[in-house]
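Once you scroll down, you'll see the structures, which are given as structure tokens.
What follows is chain A paired twice: with chain B in the first complex and chain C in the second.
Up next is the complex of A and B:
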């Protein structure tokens, strides 16, 4: 059980670290898709099947495609895909900050005594999840639907506002 | 170190990688992807505490992750639209050159 978790962790962390350190954005996105699928496998390992499928569909399917389209729409030429490396000072401080935050949280998690853990695999069937979403959490579901609609309309307006910009320019 | 603590360490390391990427990289798209990784690390925590928590039948962890995934998808769509709008104005998505609002 722990071996599977260690392998999943190595896949997730390795692909995420490689993706965010290489220069080519397209390869970064493809490696991040591997990391997102690793996270979906972690959800499957933990017994949350519905969240795993949502993660695989939304991140592996939708977000990766949107990011790839954004990469293709914002490059100047065929040779423009590699981005210049960050200056060494900023890179060093970013790694120090990320490492410090990760170290503090990990140290707090390790030093906290977690007692009375539930070690039996929980089961949450989709029928129960649907009943929860339609019953006690229905308001949150509606708010999320409104948020998604507003975000979609906002994204279309922001990305397609070229004509207004030309007219409004002095 | 028990299994829950291993999950929490994994999520904190993923958060650190996302934070370092969001701080270090210049491209707006890569910064956004770092923020997405940090959101995913928070989701790992929700699932880990739901899996090992006292009342998994309530399903709150899974429900929170589903809503967080929906919000993250909306954030990615708006963020990438902003990157495209930035590119249309500046012909670049390097954040160092997006200084038009600088006083």
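Up next is the complex of A and C:
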């Protein structure tokens, strides 16, 4: 049981690390997608079916498309020319910043008291999940909805503005 | 569900399960479960593999008849062995990888495409007791599996290092982002009214008949009919079928992402296209056409998997007919159809379904009013948005050269 978790962790972290280190941007996006699928597999391993399928649908199916589309729409030159490795100072700062974020998350995770740590993992039917989201957790759902709507409206405004600039172009 | 009508549980209905139990009866307990799962996988693979082989033949025959030519008629009796001749040809062809291609992705793309499209076949209930994987959130699983297939098309297009392939990859991405939305929005009413994400429970929610003649399928309600139509149009686009086959447009992009593929990998792409067509049609049958339920109460003696197969074949023949009839869309028309027509209609359909759900308690006298309001909610936006989109495009005028 734990062997599966170790393999999953290696796949997730390994593909994410490789995605960050290689210079070919399309390949690194595809590795990132592999990492996202790994996270979905982890949810499946943990018994959270719904979260696993939602992860695969949203990240594997939608976010990956948006990222790839953005990569393809940037100028083609960037894909061919090898990007030089970053200077050591920037690397240092990246490690410091990343380490700080990882430290905060790890500290929060360690300090949170998990009540049902030794119990059997609860299997939650989708109906109950929906009732929970619409009942006690409705505030979080609404905040997320408002945030996403704001992002959507922002995208529409930017797109509408860009169209005006191009009006004269053939 | 089956407890209500035990007389329908005939020997023919139980035949697949009886055969499976006969094969696995002598195995000890943990092995029996594994063997039964493997048999389910093997049966699904074999059934859809054969369906794929003969669907290619049926498609070529029907396209031939529609274009007033006989179609393949040399191999075997009247051309019936043509799929096997094609398979041998594809297997023995040389597998070419372009020198500048990305070899890993070039290899991985067809494999990923076929495996993703096979994954989605697992959760469809093929009969009263025939569902390979009965998941509580099966509908979500299905779309998670099928949404990933466009990723493989992108991999194929990018790995070939060919400008036509890359254009195809971009078209595939744009098409997916646009049509995933109406596809998912059109099935939200079904999930809302059935109150479940499990395909077998959605089928069970559509059981029963009015006067034994009119089945309670969702496609026969106003919101269900609109949802079914939107779902079918969007699934044509999801399966890259004509008139939405822009990623592999033969006449513009020399087959797009398939340009740099040959031999068996090329065949795998077609296999995946037919598998995803079958999976989407199967899901449409499950969601809107009552799944394995028979259309009349008197015809329940026919086993449930036969009804599923008939409905699936009707939808697949519809796909082929559409391919033979409609010309391919331009990319801007494709986008306009998705964002300005299908998405608004699917959103309005959510309201229609909500109205239908809230008015479920109306008495018999108010039923015509309920149907009228729901039909108006479907038809009026369709006409208004359609007219607005096509305004200024007609009437078409023809100019002829002077004699």
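By our rule, the second predicted complex is superposed on the first by the 124 of 170 C-alpha atoms of A that agree within 3 Å, B and C clash if a C-alpha of one lies under 4 Å from a C-alpha of the other, contacts with A are read in each partner's own complex, and residues count from 1 in each chain.
Keep in mind that, in the parts below, a contact is a pair of C-beta atoms (placed from the backbone, for glycine too) under 8 Å apart; a residue touches a chain by one contact, two chains touch by 3 or more.
Just so it is clear, the model here is predicted, and its values are computed rather than measured.
Enquirer: Is the number of chain A residues in contact higher for chain B or for chain C?
Expert: B
Enquirer: Now for A:127: first (chain B), second (chain C), both, or neither, which partner does it touch?
Expert: It touches chain C, and chain B stays clear.
Enquirer: For A:66 in the superposed arrangement: first (chain B), second (chain C), both or neither?
Expert: After superposition on chain A, A:66 lies in contact with both partners, chain B and chain C.
Enquirer: Of the partners chain B and chain C, which touch A:88 in the superposed model: first, second, both, neither?
Expert: Touch status of A:88: no partner.
Enquirer: Under the stated touch criterion, which partner chain does A:135 make contact with: chain B (first), chain C (second), both, or neither?
Expert: After superposition on chain A, A:135 lies in contact with neither partner.
Enquirer: For A:30 in the superposed arrangement: first (chain B), second (chain C), both or neither?
Expert: The second partner, chain C, only.
Enquirer: Is A:53 touching the first partner chain B, the second partner chain C, both, or neither of them?
Expert: The second partner, chain C, only.
Enquirer: With the two structures laid over each other on chain A, which partner does A:148 touch: chain B (first), chain C (second), both, or neither?
Expert: Touch partner of A:148: chain B, not chain C.
Enquirer: From the superposed pair, tell me which chain A residues show up as contacts to chain B and also as contacts to chain C.
Expert: Dual-contact residues (chain A): 50, 54, 62, 66, 69.
Enquirer: Applying the document's contact rule, which stretches of chain A touch chain B when the two form their complex?
Expert: 1-2, 5-6, 9, 12-13, 16-17, 19-21, 25, 28-29, 32, 35-36, 39, 42-43, 46-48, 50-51, 54-55, 58-59, 62-63, 66-67, 69-71, 73-74, 76, 83-84, 86, 90-91, 93-95, 97-99, 101-103, 105-106, 109-110, 112, 114, 116-119, 121-122, 124, 128-129, 132-133, 137, 140, 144, 147-148, 151-152, 154-156, 158-159, 161-162, 165
Enquirer: Spell out the part of chain A that touches chain C in their complex, as residue ranges.
Expert: 26-27, 30, 33, 37, 40, 49-50, 53-54, 56-57, 60-62, 64-66, 68-69, 72, 125-127
Enquirer: Given the complex with chain A, which residues does chain B contribute to the contact?
Expert: Residues 1-10, 12-21, 23-27, 29-30, 32-34, 36-37, 40, 43-44, 47-48, 50-54, 56-57, 59, 61-63, 65-67, 69-78, 80-85, 87-89, 91-94.
Enquirer: Okay, in this complex, where on chain C does chain A touch?
Expert: 102, 105, 135-137, 140-141, 143-145, 147-148, 150-151, 154-155, 158, 166, 169-170, 173-174, 176-177, 180, 195-198
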